[in-house]
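Both complexes below contain chain A, partnered by chain B and then by chain C.
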Partner chain A sequence: MALTEDPYTLISKWLHAKEFLVVGKGIARADALDKALGTAKFVEDYFQEGMLFVKQVLSTEPHAKILRVRDEEALKVPKVVKVFTARDIPGENQVGYALPDQPLIAEGKVRYHGELVALVAAEDIDAALRAAELVKVDYDPLPYVLDPLEALERKDVLVHEEVGSNIAFRTKVRKGNVEEGFSEADVIVENEYRTHHQDHVYLETEGALAIPGLDGRLTVVTAAQYPHLAQSIIARVLGVPASSIKVVVPFMGGGFGGKDDEGPLTAAKAALVAHLTGRPAFILYTREESLRMHPKREATIIKYKSGATKDGKLTAIDVKIIHDTGAYANRGPFILWRATVHASGPYEVPHARVEGYCVYTNKVYQGSFRGFGNPSVQFAAEMQMNELARKLGMDPVEFRLKNMLRPGSRTITNQLLEESVGIAEAVEKLAEKVNWAKRRAECESFKGRYRRGIGIGVAWHGISTSRGVPDWSNAYVKIDKDGSVSMFTGIVEMGQGSPNSSHRQIVAEILGAPLEKVKVVFGTSDAPDAGATHASRGTSIGAIGVLVAAARVRERLNKLAAELLGCKPEDVEIKNGVVRAKGTGKELSWDELIKQAYARGVDLSATGYFFLPKGKFNDELGQGQAYPAFSYVAMIAEVEVDTWTGKVRVLRIWPALAAGRIINPQQVEGQIEGAAVQGMGYVLMEQFVFDNKGRILNADLTDYVVPTTLDIPEIEKPVYVEDLFKYGPFGAKGVGEMALIPAPAAIAGAVSHALGKPITKLPLTPEAVYFELRKGGST
Partner chain B sequence: MFYRIPEINYFRASTLEEALELISKLENVKVLAGGSDLLIDLKIRRYEVKNVVDISGIKELSYIEDRGDHVAIGAATKLQDIVESPIIATKAPVLAEAVNEMASWQVRNVATIGGNLCNASPAADTAPPLLVLNARLRLVSLEGEREVPITEFFLGPRKTVLRKGELLKEIVVPYERGAGASFIKLGRRNAFTLSVVAVATLVKVRNGIFDDVRVALNSVAPKPVRAVSVEKFLKSREVSMSAIEEGAKRVLQDISPISDVRASADYRKEMSVILTKESLLRSLERAGVKL
Partner chain C sequence: MKVSFILNGEPVTVDVKPNETLLDTLRLKLNIKSVKRGCERAECGACTVLVDGRPTYSCNLLTAQVEGKEVTTLEGLRDDPIVKELTSKFVERGAIQCGFCTPGFIITAYALLKSGKELTPENVKKMLEGNICRCTGYKKIIEAVTAAAEALKK
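Right after this comes the complex of A and B.
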């Protein structure tokens, strides 16, 4: 085989590997010990006395003109250095990701209660806190709008005047003719669903430390999910070239999408102060600030109509999705896109009309959160499926299987799915494992105070960015003289483990180097831009570059070893540090091979750029290729409902994944468990309470409740169907978000089964369930 | 939006005597025991405080003693000590049952029982069990000591009968022989959560008749309350499911819940009835009474 450096050839070569050294194994992650011992360092750990402390002054109005920011009293506090407002920004005060509608620091007016109005820098934390209290802002209150349906109608109260309405963005998908589809239907179900905000509640709140001049640039140590994006946002705000900014993301205490949005902004705040004062500056959000100001999971209203024939085939769906995007669009348009093209659930639907509205209101804005617009719409779609099945007198799993996407199916955007569609097999295996029909019947035998129910959620999730939005991967691999290997990536380590588990495994697998010789340097803008660590892409798209870079070096090593061992390059085998010529008994050590490479002029460094090929999508027609591939997931949940109090207990969760190759089953289980619990919290207890000024009343962890260990159900071992994706590293499609997406549908479906009533609104707090049970007479 | 603890003078007392002198002498003074309520209240500026007297180091305020016909608990006793105490487990198990559901192990290792009572939160979880146990509180100042029944201790949210210069020194829990008692807390999750409603009940039954019935609730009124209407209804009545159900409904006459971020008033009302019933049933079972 000739030496090849072509990424397509290399990806495909390793996709079809038959045997693996480390891939597919539950190998302990490189940072396990450091995390267990508490020696792993996070942003805050780099703070030192003598650095400036930055404190934020937040809006106390939902919508108001800023007349004046008065800092005279604040500046009298000893050790206060300066108060910064929008006026001090040397570059552009514009940080909107999807639309240019958002300032870093409010300028002219504020649009939500909690928006950043000024930054206070002081020599120590006490002075900063005291001064922040003394900054007085004169507001001229404006009329405001909190309800998205009202916002849609109103033209007199505009969150962004320049837009002319409160609609930030619209989306659409069209397929066939819905009227015709409904006329073919024997049963029709029509409902309005409502889902609510959710906070990420990462253990580590947002923080950043900016140090001017370190490493010849302004270096910002921050908790952001995409160092290169933070770098470009900082550069824009400061009005300097990106090359003069370096961003380093150390270990992160959770991201879940929240630090994809807020991370770069946090970094920009610290960078602004450092840039303007010439001194190291540190910012750390309190939990209360974090809850008040950073973007939340979208709150939605979804109107959903679907039809099916007597023999259980879907004929049409008509869906209207309204996202309450709050004060800013942020990534709302992308989130809405995802919801729109996934609106059918993983099913074949011949006729579809989906319309999406991203609506401004004067509340905290929506943003990225594990699942990205998908959990809410899959909830609606799956509740529809349950109701259709009930009306048809069919088992919900059987009904789903009749309509499920399979290889050769077309989606609602008319995208042809040629391969990598393992969901039907996954659902069949899962139902068998759970003993679905029997368990369902058993649940129905509970008639007393405690009722039982079982529910299923099946979902799909497009891999990569939607439509033609560019997506790529990259990494840099080098081998040092002593045979140790370094891999540099912009992918971050936020607990999910991709750099420290799967990336390391991929490098070791491909090079044949001993695992302990492989070091991954992650989360730095000095590494090649691998895209963000979001959209479940760390180990999938994010690692394609890792595979390509390592495979390029491996090709060169094979060629060299072949020369040294007197065999063909394809007969070279490298396993755990031993280099062999297959079938000859001739071998040499890894260290020797590397020594020879240095002696003979073989380049042992490579990058692995890969630009993901994408089809076309026509936004006007709402048709075309939505995503290069989809990951699939199913979840069955069993619950117990206390009919006296309305309290729901999730007893057991069974997950199934069709997400391509499972590179590290241990890590995947961790992701599934975490996502299932986060999803359960969302369904059962988490919710924000807003007052009539749009202020969050429970912006603290006393009253924003998330699950504890004692709330966590039994989570069974996942069912895997490894439906390989041809461009994924070893065929991996991505896992991080997956188990959260079907959780609302599965749990709400189980509650609905227990109560014998449809569920259309989340969350299912004891109070909500209690009153639902008594509404219109209970069953 | 204030998360800064304002400047205060901090005093650490090592004896009760010293603490009493400090709190009688100082203006705008607050006692600090575990600080798990007070520090948060200082941050959100619930009180204007100039001076804080830390009593957490006073050994003579931390004890659990069996005194023959009652149990005495020092005010600065940590909640976790109550959970683990064999004396409480045998002489006042309903108190341990309640405290075991409070906060977390970490918080229970700093928080004190005196702090929970003196903080006088409507949601205080030690209150319902102590109310049904007819506990008495021994208050002390430089002038001397007095004892008040716990039913008279709370005046409203964060208000008690404690006078300037006065401390809670001891909680006296009389023995209850032949009683069955229980505590049920409804929160928003299974652990580490404040009560939406909590109910404690205690019953004594003789010859199939309710000899004594005590019911107390938190989070449904400006202060933890005894449900006297329920008690009056059931006392001297024959034990039966219909009596219990009828009695439990009377709880609505004893409570005045509000709607807040944790729950609506309506839900609290419904739950008060349901949990009263459930707790009465559980207490009866524990008293060895079959329905």
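Right after this comes the complex of A and C.
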């Protein structure tokens, strides 16, 4: 390989570009008009009558042996084709991500109310619904456990007997000597925090259509956030090679992490039926099924002790994190790792002890959701910071700035942060923009029924997978003879926009091709594996492959153009389809250049593989490099609390982001605004109600309430600090999850300020606030 | 049972079950795909259509109930100047992310603009309350609708 095609050289060359054609501009998304007109296709739009419809039979017990699945009555329904159970699975009935503890279809026993027990396939939807009701399951109920603290103690009730306890996974971080740290502290704050489940409520529920034989393989059209993962899970369940499965992810009606977990399982269910019947099979979750079955944001108990000196320096933290993982580990261990290594918040702490427990219970399991274990632990860490500041008589922003991570700081895992740490500057600018001290004093002047409060949340979020877990990027680019450019990626389009905005801009920027000639083909397992569209990586890690592939072709085009124009390759400029030799006035068109490339044997296709360099992490010591870089975020929220009813209104939100290069400011704003409102819903409105069998009682959008237009605050323009990441495309770090992470801390902090009371438990529904206010007889 | 109604200006007659929702008839029998299935419980608004000009949740209406009525979806409004203005403002203002809720918002906003009511950010919010978007946080949607109304005034 020629030196100029080395990925490190190319990434660095474009990182240091001085001026940009399209990067940094709020260019409209390529998919926007089709979506506005309703012509953009989602999974269900590919369903046609005549295909098999698949309906799920769910467990009605929280924990029970399955004695028998009786399908005789169901099979009598006209047009019913077959009822499938675990024993019909030709490959492995094993779909656990982090641990091999989870079947696709329950086998032997069920572990939560709502678990999949059987699939019914029928010629039409009504027949499938009727038959599913007629499938009778004989259960032998087992004792069950719903509370994670109880589950930790019980040895007689085990969700997974083979584990020997209900602890699925443990994590730890150790730094310095915590006892010594607390002995140096002048103030100590100790609290127990509780946070609750949250559902993604993507507007499109889970669905998949599997078509045997299309394109020579079993093709599955599905809503999964990682086509290659769906491909490998389907292959495992069917017992066939991955090469015989093709996964296509069309436009997705929202994901937020939920379809990273449930997407591949949905796909595997449709694929199983299609594979066994030889016919196209379609599955679509009802909203009720979606709410009952798919993994939720982790519910947590966090015990947090922290100390600081009287001049405002943190000395130590001691944190115990308990995640209620529900019936299966799913990605729980990874979620717990993320919570554990971020437990300090974005601050320097000389002594730290963090212990994490991922605990099984007989409830719906936990999974990936925007923030991935971080919003809950940042909430706890930030509430601690507020209390420490109050005890010290310091302003909470000033106290935070005294301890904030900066270039040269070491994290609680002793990772040295050499660069790309822009959070202190972001917080300073944000506080100035908000006029923090003045506004805070103004809030305190509200004394009547309606109180005002202001709060700040500051957070960090590691980019890429935790610790040393391998991560990479890739993509494939080709230029056709007419000069049109196709970039193929496994990154999906779930609304975040990376393929249709930032990837397209990156390709147009690097090649100099007109934007309208660039098409990004997304979400296909036929593209090289680019990793998942999760962890805010679509435009960061996910686009490195896009950048490298395009940059390789650009090097070849520079060389060709230099020959044609009689100049040096470094003097070739390609802008919006015009190719020039700098300073000579000589030029040719993009289309002509591409024609010449075809005529002269220049390869206009390339892949962009990049393996992200990572340091070492020692799981035993809980020390080492946790992430190659961190994105940082801060949020200030102002609230009004009605002390008569307990109702909280968020009036205004001010966000700040230090996430490297902003490739498309309009799309980044969209991510921030959406995440802030989803975070607000989490804090104030959204909660599941479980009955005494662990059944979700409010599995519909009437009783699981999400924000509407009438609930939203004013959201101000974000403050950006572009702290470039050396391996990011043009220096970009992750954005998608960021603004949700500090939202609980900012909003709960503001409520706490308004009420003059610490807040340790979410959600802050009117009734919760009402009773909190009346606790201890005040107000 | 046979039901006849006007769909996007054209008379149609379809054979439906008595308990069939308009959403299912439109999506599965009449190839109207801009109407989305979100909650099937009259909460999210992704399935919004116009019935005799009024925004209506098609998941909460039996097809038998629209006998003789006029049903309008985005498919029938693509050349309408108000819809053109709305779609162009939604695109320009970044009001679209996953796009699943967008047709429902555009239909509702169309009815609001068509009504000729004086527009303030407050009544735009009120009018759009019955449509859920989980991606955008609504800010850019409200801006897009307000901007379209401004542009149409000129």
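One rule holds in what follows: the second predicted complex is superposed on the first by the 775 of 779 C-alpha atoms of A that agree within 3 Å, B and C clash if a C-alpha of one lies under 4 Å from a C-alpha of the other, contacts with A are read in each partner's own complex, and residues count from 1 in each chain.
The criterion applied here is as follows: contacts are C-beta pairs under 8 Å (C-beta built on N, C-alpha and C of every residue); 3 or more make two chains touch, one makes a residue touch a chain.
This one's a predicted model, so the numbers in the text were calculated from it and none came from an experiment.
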First (chain B), second (chain C), both or neither touched by A:36: second
Contacts of A:496 with chain B and chain C, given as first, second, both or neither: second
First, second, both or neither for A:702, with chain B first and chain C second: both
Contacts of A:521 with chain B and chain C, given as first, second, both or neither: neither
Which of chain B and chain C A:26 touches, first, second, both or neither: second
Which of chain B and chain C A:710 touches, first, second, both or neither: both
Touching partner for A:129 - first (chain B), second (chain C), both, neither: first
Touched partner set for A:286, first chain B, second chain C, both or neither: both
Chain C versus chain B, contacts on chain A by residue: C
Common interface residues of chain A - those touching chain B in one complex and chain C in the other: 126, 286, 702, 706-710
Chain A-facing residues of chain C, complex: 17, 27-28, 33-41, 43-44, 46, 73-75, 78, 86-87, 90-92, 94, 96-103, 106, 124-126, 128-142
Chain A residues touching chain C - in the complex, by the definition given at the top: 26, 28-29, 31-42, 44-45, 47, 49, 126, 200-205, 251-256, 284, 286-287, 494-497, 666-667, 669-670, 673-678, 700-702, 706-710, 712, 715
Contacting residues of chain A [partner chain B, same complex]: 58, 60, 126, 129-130, 133, 286, 288, 644-645, 647, 685, 689, 697-698, 702-703, 705-711, 765-767, 770-771
Partner chain A, residues of chain B touching it in the complex: 1-4, 186, 188-194, 196, 261-264, 267, 270-271, 274-275, 278
